[in-house]
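By letter and in written order, the chains are A, B, C, D, E and F; residue numbering begins at 1 in each of them.
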């Protein structure tokens, strides 16, 4: 099994609902350093899992919808706590939709899975992985 | 599948038994930077895998039993070489016991697996993963 | 010249005033991974620049005044853009005040300088250094 | 499941064939920071997955066949694009051959799998994993 | 004193002249992860050392002249060994020229110094610093 | 001013004397990831600060005198607390002696300074710098 991973980041504000979150119930923020991994069993005719430039581009587009925003006011995220793990899924699912719509070209059809990791600090990160 | 990972560290002395270890048969030591990953298929009602503060706390407690000690004199580790991979298992098993005892609250019951990675230097690390 | 550095982090929301900031004029946020370095020409009688536990403690206290907050609403920061470089100075100056007030014990008087670096992402960071 | 990972690096020149590669069709180069992971279900009698010194040694030998070279002129790689993901497989397969030939001693027979990750920059890496 | 640093990378082929270089006399290559630091004594009216987007942009332009190339064939580098330390100076000097030509706007005139670090692997890097 | 840095590591046991050290008064240990920087104003005729292979070699030799040992029993370190900052100086001074003795060849005479950083964990490190 092969994978290719690209890294980018986003900077957002948000707050959490629920006593378990303690001081994080207040409006605060985070830089998420985001790693998106694309998996497939065999390489294509060019010898790649995916065009790495296209992969970086689609990740940058997905993060562009979230970065420099207060996620508490994002209608697409209403009603959910935008925890690190929940955002990992949001980003993975949006990447999957774009791949299905051809953002990675025809080779995107041969991808078998995605994993997205969000680093919230030097001591904590969360991941979500899913099939394609 | 979701995971959340927290990082902490410990500083221990130890020595190894067996010619394969060469100079590491002498009393020496290590800083282990320890990553503990908690895995589960779906997020809980708060949108988390586990309360990240509680996860960091339980890891810190487990490492507190080992850090600033000579592991050669730890009765709980007698008769085993405390290699990086063996310590990864010791820590994972101790985390699992605490989770079963409720250290992560009722949500701990929904965790499906644990992985523990110990970084012994900038060029070597070892992991152990197990179900819960 | 000797230095000792400790690392911690904080997660804040803020926005910037000024067209140069583009989309960062919107409310957003950041994780700052913060490195505080303490400098002195000679070691003390114990062989240290500073008690590293005390140094980590005073940094954690200073970050505790800022983390999990919207800095736009912090009266102590009113009227300034809380850029990465400006926050590096705020943190260095607050560390210096606490050191003068004895937070690091009498040995704190022998420190000659401080440097604070804030990492805002994997590709950008800022520092401020000052004498003590 | 246990794993042990060792890190090394190599510095090579190469070029790619195919319009998808854009400017990387020109002769250029890369430092690959290479992580090789060795996996097995149980530890051996010494408490290790593999002798970590032997593991580092066999990785260094495999990289020694590639480093400080122009891969476009390497007969063993003729006809393939030496992309990051393709090189991860080349290195994993060469490690597997050496393990089968006894490079890790009799304990090498108990290894169940290998994973090789090549970091081509601070924002991109690729992996290949295979059974043994 | 304040500084702001931005990180980018380039991938080049080259060879060295001189017996001291051993196998690096052969055509090989490197990824250089490049950190450019901009220094100034006081922040400007916006509270910044430099517009960080502009700083990242000018670094990307300078690296764009070098990346995906065989430096042995670059007329601008003829007659010099393009070692890591020599390239750090080339990049710093090119940044300085662009800053003098206004690439960072009028605020660029207040910068006092530049430092450029090139990481050639996980175990080696080189820096060059100069006044502006 | 130019600098070249090489990284290596060592794994030692030790204990500290003095109440300020708390639990670190017990026998424990550390991995020190060690960065040694060599500084000089101008490059030599080959375009380097120092032969990077020779620099890595001399650092490895100096660390070889300390690694896999209990520093409490090292006569060369008797009577001193082997704190991170004290060890940074020990290593820098030993590098300086070897450079004076020709370990880096005649080019070693043109080096102007040394800096040594020891990373004791992911959240703490110490440095010592000196002229040559």
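In the analysis below, a contact is a pair of C-beta atoms (placed from the backbone, for glycine too) under 8 Å apart; a residue touches a chain by one contact, two chains touch by 3 or more.
Model, not experiment: these values are computed from the prediction.
Any chain that touches chain C and also touches chain D is listed here: A, E. Both chain A and chain F are touched by B, C.
Centroid to centroid, with C-alpha atoms defining each point, chain A and chain E lie 31 Å apart. Chain geometry summary: the mean Cα position of chain B and that of chain F are 30 Å apart.
Counting only residues that touch two or more partner chains, chain C has 7, 122-123.
Taken together, the chain D residues at the contact with chain A in this complex read 16, 18, 20-22, 80-86, 88-89, 122-130. The touching residues of chain A, when paired with chain C in their complex, are 7, 9, 11-14, 23-24, 26-33, 67-70, 120-123. Put simply, chain D touches chain B in their complex at residues 1-8, 43, 46-49, 51-53, 56.
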